[in-house]
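Here it is, the structure in full.
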Amino acid sequence: MADVGLIDHAGTDARVDSKALEGPRGARPRRVLSRRNIILYGTLFVVAAYYLLPLYVMVVTSLKGMPEIRLGNVFSPPMEITFEPWVKAWATACTGLNCDGLSRGFWNSVRITIPSVILSIAIASVNGYALSLWRFKGANLFFTILIVGAFIPYQVMLYPIVIILREMGIYGTLTGLVLVHTIFGMPILTLLFRNYFASVPEELFKAARVDGAGFWGIYFKIMLPMSLPIFVVAMILQVTGIWNDFLFGVVYTKPGVYPMTVQLNNIVNSVQGVKEYNVNMAATIITGLVPLIVYFASGKLFVRGIAAGAVKG
Amino acid sequence: MPSTRPNQLFRNLNAKIASIPMILTAVVVFLGGTVWTVVYSFTDSKLLPRMRWVGLDQYERLWNTSRWLISIENLLIFGILVLIFSLVIGFVLAALLDQKIRFEDTFRTIFLYPFALSFIVTGLVWQWLLNPDFGVQSVIRSLGFENFNFDPLYNADIVIYGILIAALWQGTGLVMVLMLAGLRGIDEDIWKAARVDGIPMWKTYLFIVIPMMRPIFITTLVIITTGIVKVYDLVVAQTGGGPGIASEVPAKYVYDMMFLSQNLGQGFAASTIMLLTVMIVVIPWAYLEFGGKGKRHG
Amino acid sequence: MASVSVKNLDLSFGDIKVLQNLNLEIDKGEFLVLLGSSGCGKSTLLNCIAGLLDITDGQIFISDRNVTWEQPKDRGIGMVFQSYALYPQMTVEGNLAFGLKNARVPKDEIEKRIARAAQLLHIEPLLKRKPAQLSGGQRQRVAIGRALVRDVDVFLFDEPLSNLDAKLRAELRVEIKRLHQRLENTTMIYVTHDQIEAMTLADRIAIMRAGAIQQLADPATIYNKPYNRYVAGFIGSPSINFIDGTIEVASDPVFKAGDTTIDLSRYAFSGNGPKPGAVTFGIRPEHIFMDKAATDEPFRADVEVDVVEPMGADTLVWSTLDGHELRFRVDGQTPLRKGDRVKVGFDPARASIFDAETEMRL
Amino acid sequence: MKSFKAFLTASTFLGAITAAQATDLEVTHWWTSGGESAAVAEFAKAFDATGNKWVDGAIAGGGSTARPIMISRITGGDPMGATQFNHGRQAEELVEAGLMRDLTDVAESEGWADVIAAPSLLESCTLDGKIYCVPVNIHSWQWLWLSNKAFEDAGIPVPTNWDEFVAAAPKLREAGKVPLAMGGQPWQRSGAFNVLMNALGGKDLTLKVYQDKDAEAAAGPEVAKIFAAAADAREMAQGSNVQDWNQATNMVITDQAGGQIMGDWAQGEFQVAGEVAGEDYTCLPGLGVNEIISTDGDAFYFPVIDDEAQSKAQEELASVMFDAKTQVAFNLKKGSLPIRADVDLDAANDCMKKGLTILAEGGVVTSVNQLVSPDTNTQIEGLMTEFFSDTNITPEDAQARFAEIIANAD
């Protein structure tokens, strides 16, 4: 209707104006407190509170003294802030006869995590690359086995792996542990990398082949430089998983190489008289700090990488 | 000029060499380990594996053990609930974050950070929050609601929901990110088309967007399901299987049988059943998904 | 001397046969277009020639060298892709140099070749940029340049213009033609589904369908003397009119469809001459004339106008001849309305007749 | 707490001076609670004094966490120098597989058999006449620990036996106390049940059920009484929301709970907390009803290591652990009884002396752990965990299931 009017009376300004004044005109008004926004942000804030609550309680508790904790309200902020639990958790808490807290295992965890993350990602990315771009007969069979393997509870594999490592002569060594982490990280990582490389335009790969690049040439010169997001995803998953691992670290190494989580377990599970909740919480936060920092530092890339690695099937 | 056709084995040789670690892992560790486990499940191995055949005895006992039955039941309830809730919550959160909101980064980080924490930590924190003496219950009671009862970890009927709360807290963030990534991959034009056609937003999500996100749902499903089958640390840290045996799960049964009861055969039988269940579901799917149609090289 | 020859090529994926017993000889310096609708196997054939797909059976020769089992890089080919396939993290220069570096060409030689290609393709100012900073047309120039610097005898184009808009496509088409004229000794194999590209560029066109070549000939032959019904229908826009009917041979052969009889005495039958039987009669819209122009044509009829499609330069008219749809082309300025009755006529000598059963040209 | 800190300084000091020429020997154990670590420190101190070095491999979380590690390490061919194991049938197979070191020479030259206080413990270290482990203490389960202050608060005298304790429960409730502290872990529940059986049912009943695996007896009226008592205990334990045993003990120490049924290792906790037997707390062996104690115990095994220096250090450690002086120091901290009959325990407190007397008088019953396999044990634990946490299970139902387990026991 309005359109017809406008065309018919294109020349007569007055009528156009009077018509236009009646209805909506110009930019649509935006209200900050629209019903939609209230529901949207309201929901988000409530959910965010649920997610933050445990962290809040952990932090608050770790800053309280034991007498205050016994008062009972876990949500109240500390009346008197003390960093003693943190110091204790890091430097003096005892596990058995060793009273040097988490500091003992921190560097071990670093020494375990770095090579494990690098090796597992290196192997899984090459797997994914071979599976998506250089398929050979039987490759899918192995991949299927690998994916099914992702569903096997780790505990079941403890014994067979002990035997495998023993036969390889690397039982109890750092190398052995790195290998175990690589093996158990392989299924999901390979899946991610395979999906990612499958989403790379096939013609790019063909162009590189015509240009004379081989299996490794294409991998290093073409694929690697364009795969930063998926590597970030893999790194985050692996750092989290390996840093938080307790079972493998303790079963496949010796006390000299025990990761930080062993100390965490010992601090949290062994009780010297009263359970020191504040020290437990401080130890918990300290142990979780490394993966948390990795998350906060690379959150954006994480979503982008997931988008690249998981969306395409 | 190549005069003879290259040997089939050496075709694509580099790819094959590069896949050796994967092949070894698949065949030696996963396949070999599984076969080994299955074989020893027919023996009466106690502390150490030994070849003394007892046929199906271990399985007979397994299905006569109330703890195993409860474990299976728990895993079923827990698994279905985790699947539904984490997918629904994860998707809803992702859809909310996808509304071009402010502070998206902050919200996303908040929802995701628990994933960086181990299950052991998660279990401990929630064990504490749900402790009736100084957790949520006592706080709400101290506010004047004297009759408020919320002690899932000490009530056998609802303990599995207590674990569910913690599991969702830890895991939905990842699901949300996966979903968000999927939503971001949806063509803008779809939304425009739906708006022009006057389709309500929820309908667009339900009937258009979600079907388009099939691949990401599959990836998500794999990740969630592997987590569910393996759930162990969380239960140990949060309830230790209690109260009573109300929150036992199969992975814990396997572990306890192997190392606490020193009855490897029984543990292997239980894990064989777990594997079998997983395979019945996973293999047909994996075959459809990854098998067949090699439209690329080789 | 054959530059590229494909002999008895078979390719199958599992049970699915994609290419069957395919033979093709391409001369040195020739511009050959592989034309067909999607899924006909034209890109697959190109990939086989490039060595990007391993064939099941047969042989491939390039410059008289058996390259059946050679790696793509060793075949002396350059290739241009539909999606450009530029390496996103490298500059234009890096893209051009990548293949040469892999082949360990000396540095100054690389620079020389890049400079020459850049000049030829007018991309000198872009050398330091990354692909993401280029427009579609520029990207495709770079992609062509990447093939160019390889200094090879055979160029393979896989639908290189399909991702561009109509105007750019036309521009680049001419550019490719010019390039071919300049590089006299370079053989070009060009895959497309666009018949205009095929007609304008090709020395010879190979029309493919279901993994087999239907007709291999120069554009004029393909257009005028299509080998079978499929080729006739595929080539030409608007497409050819088909009328089903029968041939009757009394003294002179005639085509009969309903009440319409067309005298075929002027039609050049191939082989043993006309035989009675069911056929399809094909006549191109541009070979049908109207009104005055029709009066001199051997065959004339009255038709009623159905739909008029003005296209500027000319107008396409949809009409009905004795129950059969008949499209014809008239000058763009002709005033016509639906329902008008007009006189049309054509010369059966320009028609193509196909056996109804074998669909082969008679 | 004080003594604990003192030990810390001492051990750090000792560690510093001996580190130079020491043979490192890694020792794995799961003793990480206050009293336990103090006790382990005594071993470490004595071992370090021999010029070697104790490398501590403590894994908290009890046997279920530590055992897979030990077994993996041993079968993986990279064993620790020594490892804690419970007596009984747990390590049998490792010994049979030849993975454990034969200590017969050490034992014979030092005459362990002559001085052993509980021969059954050395017997469980013996296989085919060879000795494979060092028993380090005698633990007994049959103790009731009571907080004197809690009863004072409730205005009633401290009970002297189980029945009085049960009768006092309502008063304790009124005073806001939990009558019976009980941790949630399965072993604590089945442990408490077995104590009830020992104390209320007597030695004969215990042996009939667990040694003879007499299902009829297990279903009979005598055991029914035990289940009725267990139901009382279940009622009294309502409200003790703790998992670990030492947390439960702590409820008694802090007078929040009236008492706890727990082994003599609980005493270590009282000691670390600075409480005095008789004044702050009371202990009733055999629940004050039937004064018998079982002889559980801890032992150390020494995996075979192909290294001379290590093997020598292993022998030294074995002999140090059995040494009279170390035994006294260790057991005082641990709250258990020494394995040797020839040691002088002047320093022992009230409760330990009671235990020693009973031991000397022969009021001993073989522990359940030694009578049934770990497998059966776990089944009983499972039943008791269910029973104690679910008031819907009647004593009769539980007894029927118990009888079934006994019938199938091995």
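Letters A, B, C and D name the chains as they come in the text, with residue numbers starting at 1 for each one.
To be clear about the criterion, a residue touches a chain if its C-beta (ideal position, glycine included) is under 8 Å from a C-beta of that chain, and two chains touch if they have at least 3 such contacts.
In this text the structure is predicted, and so the values were computed from the model without any measurement.
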Chain separated most widely from chain C, comparing mean CA positions: D
Leader among chain pairs (count of C-beta contacts): A-B
Whole-Å gap between the CA centroids of chain B and chain D: 38
Separation of chain C from chain D, taking each centre as the mean of its C-alpha atoms, in whole Å: 90
Centroid spacing, where centroids are CA-atom means, of chain A and chain C in whole angstrom: 52
CA centroid of chain A to CA centroid of chain B, Å: 15
Residue numbers of chain D (touch at least two other chains): 68, 75
Multi-partner residues of chain A (each touching 2 or more other chains): 158-159, 214, 265, 268
Two or more partner chains touched - positions in chain B: 11, 133, 255, 258, 294, 297-298
Contacting residues of chain A [partner chain D, same complex]: 94-99, 158-159, 162-163, 165-166, 171-172, 250-252, 254-256, 262, 265-275
Interface residues, chain A side, partner chain B - complex: 40-41, 43-44, 47-48, 50-55, 57-58, 72-75, 123, 126-127, 129-137, 139-161, 164, 182-183, 186-188, 190-192, 195, 202, 214-216, 240, 244-246, 261, 264-265, 268, 277, 280, 284, 287-288, 291-292, 294-296, 299-300, 302-304, 306-307, 310-313
Partner chain A, residues of chain B touching it in the complex: 11-12, 14-16, 18-19, 21-23, 25-34, 36-37, 49, 93, 96-97, 99, 101, 105, 107-121, 124-126, 128-129, 133-135, 138-139, 142, 169, 173, 177-178, 180-182, 184-185, 213-216, 218-220, 222-223, 225-226, 229-230, 232-233, 250-251, 254-255, 258, 264, 267-268, 271, 274-275, 278-279, 282-283, 286-287, 289-292, 294, 296-298
Chain D - residues contacting chain B, complex: 63-64, 67-68, 71, 75, 90-94, 97, 184-186, 241, 243, 373-375, 377-378, 382, 385-390
Touching residues on chain B, where the partner in the complex is chain D: 46-48, 66-67, 131-133, 154, 156, 240-246, 255-263, 266
